[in-house]
Every structure is written in structure tokens, then in C-alpha cells.
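The following blocks contain the structures, represented as C-alpha cells.
One chain, chain A, appears in both complexes that follow, with chain B as partner in the first and chain C in the second.
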Partner chain A sequence: MEKLKLLSLYTGFRKDLTFIEKELEKTVDSSSPVIRQASLLLLRAGGKRIRPIFVILSSQFGQYSKENVAKVAVSLELIHMASLVHDDVIDNSDVRRGFETVKARWNNRIAMYTGDYIFSRALVSIGEIEMSAVHQLLAETMLEICKGEIIQIEFQQKIDQTFRDYLRRIKRKTALLLSSSCELGALVSNASPDVVRKLKRFGYFAGMAFQIVDDILDITSTDEKLGKPAGSDLLNGHLTLPTLYIKDEPEFQPYLVRSFYGTLTDVERGEMLTYIRQSGAIERAQRVSDQYLEKAIAEVEMLPDCEAKKSLLQIAEFLGQRKF
Partner chain B sequence: MEKLKLLSLYTGFRKDLTFIEKELEKTVDSSSPVIRQASLLLLRAGGKRIRPIFVILSSQFGQYSKENVAKVAVSLELIHMASLVHDDVIDNSDVRRGFETVKARWNNRIAMYTGDYIFSRALVSIGEIEMSAVHQLLAETMLEICKGEIIQIEFQQKIDQTFRDYLRRIKRKTALLLSSSCELGALVSNASPDVVRKLKRFGYFAGMAFQIVDDILDITSTDEKLGKPAGSDLLNGHLTLPTLYIKDEPEFQPYLVRSFYGTLTDVERGEMLTYIRQSGAIERAQRVSDQYLEKAIAEVEMLPDCEAKKSLLQIAEFLGQRKF
Partner chain C sequence: MDRQLLNRKIQYYIRDVEQSIQEPIMTKTLGRMPLDDAKAFFLLLPLLNGEEWSEELHVSALAVGAVHAAFDIHDKVDILDASSKEQQLMVLSGDHFSGIHYKLLASISDFAFITSMSEMIGRINETKTNLLMEEVESVQALIQSMTCIESGCISEFLNTYGFSRYTKITQSALALIWFSRKFSKNAIVRYGWTGNSMSKTDVEKAISILTTILQEELVSAEFLSPFLKQEILRLATPLLGKPI
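Showing the complex of A and B:
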């Protein structure tokens, strides 16, 4: 139902999206059976294709070039996919979006190199664009994402951390790539510097809202809808916004410690999720997400009126309130 | 002794190399203690810095720009380092060049992301060069290297393989990056297309010779000089040129199978190494390396006379006959 709603938001640029989907399939094709199968597994597991969508929509504010836009969109989605493969190794995840992960079907080593391979494919795709600023921006973005991944490990199983630590982490984990998706879409279409800046900021704020909602859903949704156990973040040793609010409450601490040390039973997991849901922490986290969303919307509202502007607003609204 | 000999070959351009060494240290500096320590561990473990040397020497055949050359050299050495960190995960290596590996000091996860981080640093470094051809070439090179890494896993513990399989593997593992080092050094100095092509071919042939010698040394050298157990390639399930020659000999097969299955005792490892050394396979492999070396030299000899030409010839000769 929710997925259908998202798809309906994409109607206006379904053709661009289909083109990009085909390019993605072509791009990961390889003579090595392992690479081909692993990449296709990842592609088919789908996802919301938010990065390509942001690239397409942002490109409408300049001189739109289908080829350039497709190269950037494909590249960004591939970087996102590559980072997921590596994340599944870190989080020891066997299932993502209901599909077996690469590390589960094969092993950590294959997952590592499949990630590297897809990463390189992304560079080849964007390499065809003859704009230095594009390569520099992408390189800087990837660097920050990698730093974020290592910092995430440093903070794993760590109870003593602040909101600032959390915000910095989700910035690198999600907001930066969405921000760069908007910026790059606008850049390759030669949009004006002011428009580029506004879209970049929009992507950043929308990304922060998006990740907070993601972290909320990990607690409020069901195993079935998530395609992985609810509460996975805690089981993997990651404190997120809702749990940061209550981490020092004496009733919650035993659950937290047992989650981090892998000794939580399934019954306790249920009790823990109920506790968090009733603590008020979800609502507080949602309010922070809403604030980011408002900031995102404010940026877009300053842009010239057009179909893409409407779509950006609708999608942002949807991302901040989605149920999956 | 041998190391001193190599250093003496570098005398003519020690200043460039010192500059690049400092840039490398600056580049991997990071506010995250894990990243900083891991990167410095890798940098200090040293290595022969062949990629930077090839970049510097190749750049002498055009209009030399210290900054551009340093950016390319730093970038290529970082890519090489990143691939070593990931390789140590694949090969489960605890020691490299006598130093603890990142995966041993920390773990596979930290090693994976340190590799990603260094990889991204490489892109930022080369991203400052405003030449599209440079980015495209680098992206294509990395893609092939990643493919090679996955193919290497597919061929692990596989006895049924051909010389062609081996040559294709070392091309991706070593020759391509050396070839691209020469090509990029020449490209960023605006050398003529003909010179670029010759240097590219030189790097490729020298790289093939270099890797074959590396694979020979894994059998003929000592644990101490290698900084890891002699015969590691076989213990890790990799057939190399010398062992391809004798893989079907009935006296050798039991050693081979036990190496691949991890049941070889240390005494048997000694017997196996003696067997290979006395089989004539080393000499046959050395001849193949020599042939590649001759091809490499033939390319350079067609280049205009200069100091860099002499150095390239000396280094190539050295790499094909080195004892470490």
C-alpha cells in the first residue's frame, strides 16, 4: 500500500527511472558468475531508488541531459549498493529487505570484493562525465562516508555517547549521499550556483529526516515488513535517536546491555520494543525528523516553480512519514 | 644489501620521492584514531614504492609538473595500499613485510573500511587533476583489479587451471596498476601519445616480470626475508607459475592437496619447498619472467635518451632479478 503510494509519486519521471534501471542492470553485468549473481541479487532486492530520483529531479532545474543524468544516477545508486554490501559484513546480516545478503549466500570475502567491484563500476560510470567538480565532489563524499563507517564501528556497543555523535553518524551514513545526489544532478545540468546550493541543502535535510525515520521504524515496525528482526540496530550494538533518549533509564538499561552483549532472548526483545514504544522516545525522535523535514521543504520552496519542485516536496513529505 | 641497491637506483629523484612520502603521510592523517593508526602502520611497513617511482620517471618524458605528478603518485600508492589491506583479509594474513597487518591488529571489519577509506583518499588526491582521461583510466584500472580479486577467489584451491588463467590473474593483480602508473605519469605531463603508449606497455611487461619473480621468491626465499612463511601462496590456495609446471606430478600432488586443505605440517612444508626448488620449475618460471623483461626493455629503448630512460632500464632489470 505504502509502496504503491511511493510509486505513484514517481509517475512523472517513470521513463527516466526505467532507463536508469536498465543501465544499472547493464552496468553490473560481468563475465564472472559470482560477480554477476551477487550484483543482480543486490539490484533485484530493489530499494526505493531515492538517490536516482533525487538526481533526476534536481537535474530539472538546469539544462537536462538524459545521458549525463543517467551516469550520475547509476553511479550514486551503485555507491549506495556497494556500501550496503560492506555494511552487511559489519553487521553480520544474513537478510536485507527479505533477500539473502551477499555475505550470507557466499561469504565475507566475496562480499568485500563485490562491494569493491560495484564501487569501481560507479567510478567508471561517472568517469565519463568531463567535469572536474563532479569527480571532486564524489570523491569527497565517499571519503566522508568511509570515515563514517569506521566511526560507526568505534561507537558500536558504546553506551556513553551524545546526540551530536548520533547526528554526525547519520549525516555520513545517509544525508551526505542524498545531499550529493541533489548537488550532482544540478551540477551536471549546469544549474545556477544558488540553485545547486539549495538542492544540496535540501538533500542533506531530507536525508537526516529519512534516516531518523529509518531508525524509528527499526523499533516500531514488524520483522516481516522490515525483512529483518525489529530492534536490529540495538542487537548490532548501534544506539539510535529513540534509544539515546532512554538509554540511562534503569528499566531500559538491562535490555540495552543484553542487546549489546548478544544475550537478549526473543521474549525480552519483544518486551524491550514495547518499552521503547511506550516511553515517548519515538514521538520525540519523530519531532526531530519533522524539524529536518521542514528545513528541507523551506529550501525547495525557494526554488522556481515546476513539476520537479512539486515532486521533491511530495517525496520529502512521504520519506519523513513513511511506514516502511 | 639488495634493498640498498634499490635505494641507490632511486638517488636521481630522491627529492621527488621524499616529497611524495610526506604527502602520503599527510594524506592518511585523520581525526579517527583507528584510521590514523591503521594507515600509518601500512605506510611505515613501507614497500618499494614502485608505483610512485614509475609515475615520476614516466612524467620526465613530458612537461614535468611536480604537483600533478605527486597527486598521481600518491593516489596510485594509496590504491595499492588499499588493495593490500583487503588482500590480507582474503588471505587471512597476520603479518606482511614483517609488520602486523590491520586485520590482525584490529579485525576484518576495520581492515575492510580502512581499505575503503584509503581508496577514497586516493580518489580525492587524483580528483584535483582536471583531466578527464586520467579519471577514466584510473576507474577502468580499479575495475579490472577488483574483477581480478574476485577471480582470484574463484580460482582458490582449484588445481585444474591453465597458464593463461595464471597470466590473466597476475595481469590484474600487478601488471595493470604498474602499467597505469607509467601511463598516468606520462599523461599528466602531456607526453606525446606514442610515448604514453610505450610507457604503458613498458609498465605492463615489467609488471608481469615483477609478479612472476614475486611468485618465485615465495618458494625460493626464507620466512625471515619474506616476512611471512615461504610457500604462503600454496598455503593460501593459490597456484603460481612454478607450481603450475609441476602440479600434476605424482610426487608433488600430495603436498599440493595438503597445502590447499590446510593439513600440511611444517616439516612437510620444508620438503615441499625443496621439491619445487629441485624440480626445474623455478628456472622455467624465471625464463618467462625474463622474456617479459626483454619486452619491457625493448619498449623503453625506443624512447628518447634521458636520465629517466636509464633509470627505468636499471629498475626494470633489478625488479626482474631481485632477491627480495
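Showing the complex of A and C:
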């Protein structure tokens, strides 16, 4: 139902998205049978394609060029995909979105090479755009994302974390790439600097809301819907916003420690998730996400009226309330 | 030029690459990333031979160094279990180094090189994957694969910046160095996940083929100083004259 709702939001730009989807397949087509198989596996596992959509919509505030937009959108989606392949190595994950991960199907080394291959193809795609600002922004974004991941490892299994630490982490983990998707879409279509700035801020706020909802869903959703075990963040040693609120509660602490150290049984995992759901932490986290969403919407409201503006507003609202 | 000056230039370059890719958390956990002197030598070969070397070329060369650092560290990721903090940081370090390579090339707006280098990085990863998963058909095929992996990015650099006459020497020398290093460690060269290996005879054959190619290239390379020719032979043919 939820997926259908998202698809209906994409109706207005279905053609562009289909074009990008085909370009994605072409870009990762490889002479290596294993990489080809792995890349197709990743593409078919799907995803919401939020980054390409933000690029498409943002570029409509300037002079829209389907080819340039596709190059940027393909590049961003591939960078995202490559980082997921490497994340699965780091988190030792066997399943993502209900599909076997590359590292599980083959091994870590193949996952490293596949990720590096996809990353290189992302740069081949965007390399055709001869705009310094585009490359400098993307390079900075990639380095910041990487730094965010390094910091996440530093924070792994650490209980002593603050609200600010969490926000900094999710900024780099998710919000930056969404913010850059909007900024790059606008830049590549030569939108005015003011529009570029507003879209960049929109992407950032929407990205923060998106990640908070993602962290909430990790607790409120089911293994089946998530395509991985619910509570994976805690099992991987990561405190997220809902769990930050209750990390010091004596009833919750034994679960927290056991999940961080891999000794939590499946029954205990269920009890832990029930505890978090009933603690009020989900509602508190949802309120923070809503605040970011309001900020995102406020940025879009200031943009010139057009179809893309309406779509951005609808998608932003969907992202903040989504159930998958 | 003498060997001292040559080594100094190589070490300066390596120091510059290390400075560009440095990240405090990673350095603390993983220590210094050793860069391959031989790769640095062949990347800088035109400079060492007195060719004009602009600031832009220097930045591009640093980017190639960053890519090699990324390859090296990703090759060290454990094939089955990368869940320790050290291994996790190895994955991310490689990604960070790749990001630095892109940032360096973006800073000089060399769009064509961004594309051609990325094409080559893709090809190298394909080659590594094939080597890991499939049996190689012949010595020639393995030589071809190792040439791509060991010298692909440097060849791309040389070809892009008008130094193609150094490419063949670089390719045969770096492949030869790979075979010689592997051979000196093990009589059987293992190259694949499934335990693919080459026999001693095949290794000897590869070394012999590459040595002949390199020697022929050096003879016809009139543009190259005699001192550098000697250095190349010293680096690439440590087994020459010794019983294998």
C-alpha cells in the first residue's frame, strides 16, 4: 500500500525515472560475470530512488536537460549503492531489503571490488559533466559521508553519546547526500544561486527527517517488511534517536548491553523492541523528525510555483510519515 | 641524476601522497599506509627523465597515488570476516582514499582524466574479480591481467599527459616486479580465492616473457637516460642472472 502511494507520487516524472533506471543498468554493465550479476542484484533489490528523484525535481527549477540530469542522478544513486555494498561488509550483513548481500552471496573481497567498481562507474557518469562546482561538491560530499562512517565506527558500542552526536552522525550518513542531490540537480540546470541554496537546505532537512524515520522503523517495523532483523541498528552497536532517549533506563540497559555484545537471544530481541515501542521514545523521535520536515517544507514554500514544487512537498510529507 | 637524488624525489612524492590522504582516526588505528616505491618510480619516470612537470601534473600524480593506496588497503580486507574495528576502518580508508583521488582531480578540473581514470579503476576491479573467481587460461592471460592491475592507472596517467612512450616499459616492468616478488616469496604463485595457482614453470615462463619485452623496450628507448635504464633493470629484474 505504502509502496503504491510512493509510486503514485512519482507519476509525473515516471518517464525520466525509467530513463534513469535504464541508464543505471547500462552504466554498471560489466565484462566480469560476477560483477554484472552482483550489480544487477543490487539494482533489482530496488530502493526508493530518492536521490534520483530529488535530482530530477530540483533540476526543474532551471534549464532542464534530461541527459545531464540522468548523469548526475545515476552517479548519486551508484555512490549510494556502492556505499551500501561496503557497509554490508562492515556490518557483516547477509540480508538487505530482503535480498542476499554481495558479501553473503560471494565474499568480502568480491563485495569490496564490486563496491569499488560501482563507485568508479559513478565517476564515469558524472565525469562527462564539465562543471568544476559539480565535481568539487560531489567530492566533498563523498569525503564527508566517509568521515561520518568512520565516526560511526568510533561511536560503535558506546553508550555515552549525546543528541548532538546523533544529529552529526545522521547528517553525514544520509542528509548530506540528499542535500547534494538537490544542490547538484539545481546546479547542473543552472538554477539561480538563491534557488540552489533553498533546494540544498530542503534536501538537508528532508534527509534528517528521512533518517530519523528510518531509525524509528528499525524498531517499529517487522523483519519481513525491513528485509533484515528489526533492531539491527542496536545489534550492530549503533544507538539511534529512540534508543538515545532511554539508554539510561535501568530496565533497558541489560538489553542494550547484550545487543551491543551479540549475546541477545531472539526472544530478548522481541522483548527489547516491545519495551522501546512502549517507552514513548518513538513518539519523541517522531516529533524531532516532524520538526525537520517542517523546516524542509518551509524551504520549498519559498521556491517559485511549479509542478516540481508540488511534487517536492508531497514527497517530503510522504518521507516523514512513511512506513517502509 | 644519481640514485640519491632519484630516491629523494620518490620519497618527496610518497610523503605528499601520504599527507593528502591522511585521516587522524585511521592513522591512529591502522598506522602509516606504505606506498609502493616501484609504482612511484614508474609514475614519476618522465619527471626523473627530465620531462616538464607542471603543478597540475603533480596533483594528478598524487591522485594516482591515492588510488593505489585505496587498492592496497582494500586488497587487505579479510575475505571472510571484516567485523573487527581494524578491518572496518580498512574498508572505509580505501573509500576515503578514493574520495581524495576524486577531490584532487576535481581541484584541477581535469574532467577527461576523471573519466578515463574511473574507466581504468573499473577495469582493474573487473580483472581482480575475474582472477579471484575464475581459472586463468594461460600464462599470457595472467600476464595481461597483472599488467592491467599493476600498471593500469599509471599507464592511463602517462597516456593522458603525453608520455605514452614510457607506457610499455612501465607495463612490462611493473608486471615483472609483481611476478618476481611473488616468486621470491613462494615457488607457486597463488592469485585466486579458489586457490588458483600457477606452476613454477609457468612463473618462470612469465618472468622470461616479460624480461625479454622489457629488455627490447629499453634498447629502443633512446629518449631514456642510461642511468634510468639501469635503474629499471635493477628494480624489475632482480632475478636476472640468478638461477630460478
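The rule we apply is simple: the second predicted complex is superposed on the first by the 324 of 324 C-alpha atoms of A that agree within 3 Å, B and C clash if a C-alpha of one lies under 4 Å from a C-alpha of the other, contacts with A are read in each partner's own complex, and residues count from 1 in each chain.
In the analysis below, a contact is a pair of C-beta atoms (placed from the backbone, for glycine too) under 8 Å apart; a residue touches a chain by one contact, two chains touch by 3 or more.
Everything numeric here is computed off the predicted structure, so don't read it as measured data.
Partners chain B and chain C clash in the overlay (superposition on chain A). In the superposed model, A:155 makes contact with neither chain B nor chain C.
Residue contacts after overlaying the shared chain place A:113 against chain B and chain C alike.
In the overlay built on the shared chain, the residue A:140 is in contact with chain B and with chain C.
When the shared chain is aligned, chain B and chain C each come close enough to touch A:128. Using the contact criterion defined above for the overlaid structures, shared-chain residue A:35 touches chain B and also reaches chain C. After overlaying the two complexes on the shared chain, residue contacts for A:89 are found with chain B and with chain C alike. The contact surfaces that chain B and chain C form on chain A in the two complexes overlap at residues 30, 32, 34-35, 86, 89-90, 108-110, 112-117, 119-121, 123-124, 127-128, 130, 132, 135-136, 138-140, 142-143, 146-147, 149-151, 153-154. Those residues of chain C lying in contact with chain A across their complex are 23, 25-26, 70, 74-75, 77-83, 85, 88-89, 91-92, 94-96, 98-100, 102-103, 105-107, 109, 111-112, 114-115, 117-119, 121-122, 125-130, 132-133, 193. Across the interface of their complex, chain C is touched by residues 30-32, 34-35, 83, 86, 89-90, 92, 106-110, 112-117, 119-121, 123-124, 127-130, 132, 135-136, 138-140, 142-143, 146-147, 149-151, 153-154, 156 of chain A. Of all the residues in chain B, the ones that touch chain A in their complex are 30, 32, 34-35, 86, 89-90, 108-110, 112-114, 116-117, 119-121, 123-124, 126-128, 130, 132, 135-136, 138-140, 142-143, 145-147, 149-151, 153-154.
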